[in-house]
Amino acid sequence: MTAHFPILQVIIPLLAAPLCLFIRIPRIVGIFAILVSATAFFISCSLLQEVVTGGTLSYQLGGWAAPWGIEYRIDKLNGYLLLLVSGISTIVLVAAQTSISKELPENRHTFFYTAYLLCLTGLLGILATADAFNLFVFLEISALSSYTLIAIGTDRRALTASYQYLVMGTIGATFIIIGVGLMYMMTGTLNMYDLAERLPAVYESKTVLSAFGFFIVGVCLKLALFPLHLWLPNAYAYAPSITTAFLAATSTKVAVYVLIRYIFSIFGIEFVDMSLPLGDIFLFLGLTGIFVASVAAIYQLNIKRLFAYSSVAQIGYIILGLAIETELGLTATLLHLFNHALMKAAIFLAIGAVVYRIGSAQLSHYAGLGKKMPWTMAAIVAGGLSLIGVPLTVGFVSKWYLVVALLDKGWWPVAVLVLISSLIAVIYVWRVVEWIYLTPPRIITDEIKEAPMSQLIPIWILVLANIYFGVDTRLTVGVSKLAAQSLFGVN
Amino acid sequence: MVTAIAIARMSDLFAVVMLSGIYSLLSASLFLDLDAVDVAFTEASVGAGISTLLFLATLKLVPRYEKKSRYKPTLALGVVIATGALLIYGTLDMPHFGEADAPVHQHVAPRYLNDSMNEVGIPNVVTSVLASYRGYDTLGETLVVFTAGIGVLSLLMVSRRTKEKALQKVPADMQNQIILRVVAKMMLPLILIFALYVQFHGDYGPGGGFQAGVIFAAGIILYTMLFGLSLTQKVIKTEVVERLTAFGVLLYAGVGIACMLLGGNFLDYNVLRHDPVHGQHLGILLVELGVGITVAAVMVTLFFKFTWRTVKHKYNQ
Amino acid sequence: MNIIGLYNYWIVVVLMLIGFFIVIAHENLIKKLVGLSIFQTSVFFLYISMGKVAGATAPILDENYQLYSNPLPHVLILTAIVVGIATTAMGLALVVRIYEAYGSIEESDIQVQDNNDRLEDYLEAYGRKNDTHLFNQDKDE
Amino acid sequence: MWLAPETLLILTILVPLFAVPGIIAANRFPNRREGVTITASIILIYLVTTLYGLVQDGTSIAIKGPALFPGLHLSFEIEPLGMLFSLVAGFLWLVTTVYAIGYMRGHHEKNQTRFYSCFAIAISSVMGISYAGNLLTLFIFYEVLTLSTYPLVTHSGTPKAKEGGRVYLGVLLSTSVLFLLLAIVATWYTAGTVEFQKGGVFPPETAPIITGTLLVLYIFGIGKAAIMPFHRWLPAAMVAPTPVSALLHAVAVVKAGVFSVLKVCVYIFGLDLLRTLPSADFMLYLAAATVLLASIVAMRQDNLKARLAYSTVSQLGYITIGALLATNAGIVGGAMHIAMHAFGKITLFFCAGAIMVAAHKTEISDMRGLGKSMPITMIAFFIGSLSIIGLPPTGGTWGKWFIMTGAFDAGKWTIMIVLMLSSLLNIAYLLPIPLRAFFSKQAYGKPVQIKEAPLPSLLALSFTALGCIFLFFYTQPLYELASAILQ
């Protein structure tokens, strides 16, 4: 059975999603979804272990050998991300059980879980596949289901947000298939590793360059790199909290994975170097993104929007690591992928718990909640500290690596800018802290209670993970390093 | 192309939608010209058929005319020109149109053309690639359809109470068109049979689960348009259709799982029977059926949902 | 270089640009979706064009023909068409709901309404209820 | 001894931390809650003294914790400077707790549980700072200290407290993240290690421009040392309740700052390297300027706590000067001044708090004639002032003496002049307060009545005042400890 793990990982949620429609009883569907996601998580654990000890796994779908059939290939990079996505998804689902009961009408619960599982399938499929077109198909599965997940709530602004996301996401996806098409045109293959072998022969071709251009733009739309981030803040702010937690922690991360995969595994870093000043572009966009989005975050009144802008800024850091184009930089990027997912999931789940209790994500309604919901608020603060990059949290670890990588490259002014930007994070996090702890409550709110255990436990698992991986970095740093090495080793 | 420009300029949305339907039909004929029969078939049924239908259903609910924009779309123009420049630049090194020695024809594809007869055993190479070599893509595609179904279902939900009240109230718009109704009654079985033909004949000619599903759905939609929702609902229960959407996907993935249980890889149909080619046949048959069921069910659901929305609005007024 | 050999692609490019332009320049939500589908369709042309072999026939094996067009792009595009219609359906459903919620399908109208919502939030946080706020805070101490 | 020295070390950090759940659990019962704090502090004193004994015996104690990054561990090591710092902080925690009981109850403060919990966390991180074996560990606890004291600064929750909290956090976090973290990462990158080593870590071939820049980054980065222009947080933090100002902003936090400066100078740069750096001179004069300017500003403050705060800024400058002089006497003086100033300044703050609780006065101009109603407090204030100024018979004499010797050794005449001038200014802004309290008439002609602060507070401030005198006569162990740094 273990031989089938690479595909089972994706197929289990895939099968489970339609099954939800047969079960139909929301409570049971919810528990079923948790089980499914947990199974995927355990599979990914064993996969990662196998990949780290044994090397890359390949699985031929339909029994057809690689360039003809579709191949799944698990290496250190996607093994690591599979673990992240399925893990976060499981934890978020646990919290979802109670959270969505307040945010969604009862009759949409089944659809919510179905769409959620579809989205999970899509994300895992993107990660596992070694076929450029198959990647597009799963990208669309995850995209369509996230449009649903966003629009399924009751806030009307979620509808426009979802529509905006749909248009921009589809443009992104279309750009990606244009890129894939042009590459296919020049090489005749769709398998990523076959492409990697055949592309060097046509490196000089303008078509390949233009394919690469389309690809980068398309993926950057998906991963909300500044200035292509316009869809993100609204989508995150007005979607149901669980959706926000899940998407913020996983979907942009997966898009970054796609970018890394294409740059390093398919086109190869030499091609990138000789064709486009991509490093400089990423450096510029990453930095501008960090600053513009961080400053925008300061002025937000909706706490979800605030942290959504912060997500855009964090993507800037991730891209910055890529811009460095060294092994250390890539390690920093991969680390931050993981770490940022942990922080954002914790923060958005905690916000979800507040929305569950007070039904609002307006910052002003958070006044004085520090007393009423101490554990939830402590979680938001812990996540915020992690965002700032305070020591003993994962944020510190990522920032440390990023700065070391920047110094290693000799870009010390950029390192200074990165540190300055974390001060802006201090400002927006501290605005939240002041509302929570230092502003007296507006309304007499005796009935507001601490969040239910079913939400507090997942939240605190994530918070503790934030701290644990901030101290014991063997897993995260170890795997990121291995993955970065293998990506640079290939080329 | 002229059509496309016209679309860009028009502000009557109804006309725009109609034109885009025409555009799709034109595209389909172009595809045909380019030897892509399956694609042409699909584009005709989807682009010109279902998609136009959905647009029209939406137009029934929203205003028909576009407001004139106050902004000069300079930025948009810039972005578009930049994209265009990149594309044109990209085309410069492309292999020329129709050339037989382009890389696409040298690698991967030849195997499909040369060996698929032995390996899969059906003449329509498109089908064998679709359902077998790249069967997993098609599973993904079915899942996309299913996802869209779920999305629309959750977005356009109508409560049972509204439905019941509306059912009594709303007759079909074309209650009085007797000729049409009679013709349609006669057509319906033909359409459905044609759908089944397309479904199972995909191995040999153009067609397959997807096209069949669309045609099947079209039949039902036609029926609904003429005889009203209430009658259709008596024949086809919404709940059943919704479950069928899921069933198609399950069937497809189930075939894959069965292959795994029989010792092959996921979707490796060879193991389904003793003889690999027979196994392939069976596998393709089943998965195409899965695709067909999901597609038909989703299309019908989509149509129902959009129509219900209309009904709901009428009822509310 | 023989430019003529590329004409088909150039038509594709022009179509693509028209579609793309409609998507980003127009404010009507439905028209955007129409644009999107034109944009996607033009990509289908790109794929199908590259699969064409001059003088070949459709890839349905038959003893009478030797030369077939490349089937792989056809397969890919079949999938892409489906994805396209799925997206369109989803988009239309959203448009219907947006119209119900806002009473308009023009982007600018919707934006105005959203901005009003945000203004409300702002007033609630800082204005009107004057019990606590961040401005003029030093006076009371 | 039945516990391994390493365990003891860990326990010193953990004991205050373990007290936190106890404090929270006893939320409803103030007596029990404060009992927990006091018990913890007594245990802590026991632990640090035991450790002191061990260090005296020559045991070397070091722990390597989990690796945060490959090759970079959380590590702890006890060396004399850290020992000295932890002894001071450990002792004063107990004293302050006793004082706080009187103050907080007398002042009817809210959220006392939060207060005691954060206090305990702060002490824990101070212990972490003093025993840190490398820069990374130091940095971690440094930031924890900043964050755990933030709720203490904003304790009252008033807009003014919020404002103060913003400045506090803003300055401390931005300097530490911007300069200190950058400097640490750069050190890690250039030297390959951030472990504290005798004689410094930089390989001899490191370019002076790099080390010079790093020094500037370190000195500015350690915002807690309050070198101008990064001193603003200290006066801003004075909105906190007085026990906080007393322990944290006279002892723990600021001392953590100058302690870090000393550590960086001695164990990262090494005195030999430091002497050769031109930027060291620059920073030295900046510190001197801080000393003078802060003294002048202090003179103009009417609010007692604000005056004391600026006085602290100025005194911290002394220690930084001691460190940057890079002479033996300078380092010894700096180290000793950490302890001496701690006792002196905490006494003054205790007195300020006592006056606030008992007489509800915060402005110096209102305190005339107060000596008649609060004689003990005012006598203690007098002793504390003497110690800060550096006059016998108080401990403060020694610290200043050694720093002066250090300046003399280094041949820096300007520095000596600055130090002397500043001592004169000290006299001018501190001594008048107790003198006027005793010798001028009361502002309002009310009948004189003895009305001292609550007993626990009174005990505490008498204890520290006596400590100042005690340290004058019993300096030997302290001196030994300080000079052991250089061996």
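For reference, chains read A, B, C and D in written order, and residue numbers begin at 1 within each chain.
Here is the rule we use: contacts are C-beta pairs under 8 Å (C-beta built on N, C-alpha and C of every residue); 3 or more make two chains touch, one makes a residue touch a chain.
Predicted, not measured: the structure shown is a model, and the values here were computed from it.
Path length between subunit A and subunit C in the chain contact graph, taken as the least number of steps between touching chains: 1. Two chain pairs are in question, B-C and A-B; the one with more C-beta pairs in contact is B-C. Relative to the whole-protein C-alpha centroid, the nearest chain centroid is that of A. Here the spacing of subunit B and subunit C, counted between their Cα centres, is 18 Å. Distance between chain centres (mean CA atoms), subunit C to subunit D: 62 Å.
Subunit A and subunit B, compared by their mean Cα positions, are separated by 31 Å.
Taking the mean of the C-alpha atoms as each chain's centre, subunit B and subunit D sit 74 Å apart. Multi-chain contact residues of subunit B (touching two or more other chains) are listed as 87, 91-92, 94-95, 102, 104-105, 108-109, 112, 134, 137, 140-141, 144, 147-148, 151, 155.
Residue numbers of subunit A whose C-beta contacts span two or more other chains: 133, 137, 140, 144, 147-148, 151, 178, 184-185, 190, 440.
Shown for subunit C are the residues that touch two or more other chains, namely 16, 20, 24, 50, 72-73, 76, 79, 83, 86-87, 90, 94-95, 97. Within the complex formed with subunit D, the subunit A residues making contact are 385, 388-392, 397, 399-401, 403-404, 407-408, 412, 415-416, 419-420, 422-423, 426, 430, 434, 437-438, 440, 471-474, 477, 481. Interface residues of subunit C facing subunit A in the complex, by the touch rule stated above, are 16, 20, 23-24, 29, 32, 36, 39-40, 43, 46-47, 50, 72-73, 76, 79-80, 83, 86-87, 90-91, 94-95, 97-98, 101-102, 110, 114, 117-118, 121-122, 124-126, 129, 131-132. The part of subunit C that touches subunit B in the complex is made up of residues 1-2, 5-11, 13-22, 24-28, 30-31, 33-35, 37-38, 41, 44-45, 48-62, 67-79, 81-90, 92-97, 99-100, 104-106, 108. Subunit B contributes residues 1, 4-5, 7-8, 13, 16-17, 20, 23-24, 27, 30-31, 34-39, 42-43, 46-47, 50-51, 54-55, 57-59, 61-63, 66-67, 69-70, 73, 76-77, 79-81, 83-84, 87-88, 91-92, 94-100, 102, 104-105, 108-109, 112-113, 116-117, 123-126, 129-130, 134, 137-138, 140-141, 144-145, 147-148, 151-152, 155-156, 204-206, 210, 295, 302, 305-306, 309 to its touches with subunit C in the complex. For subunit B in complex with subunit A, the residues that touch the partner chain are 86-87, 89-95, 102-109, 111-112, 132-137, 139-141, 143-144, 146-148, 150-151, 153-155, 157, 159, 242-243, 245-247, 249-250, 253-254, 256-257, 260, 264-270.
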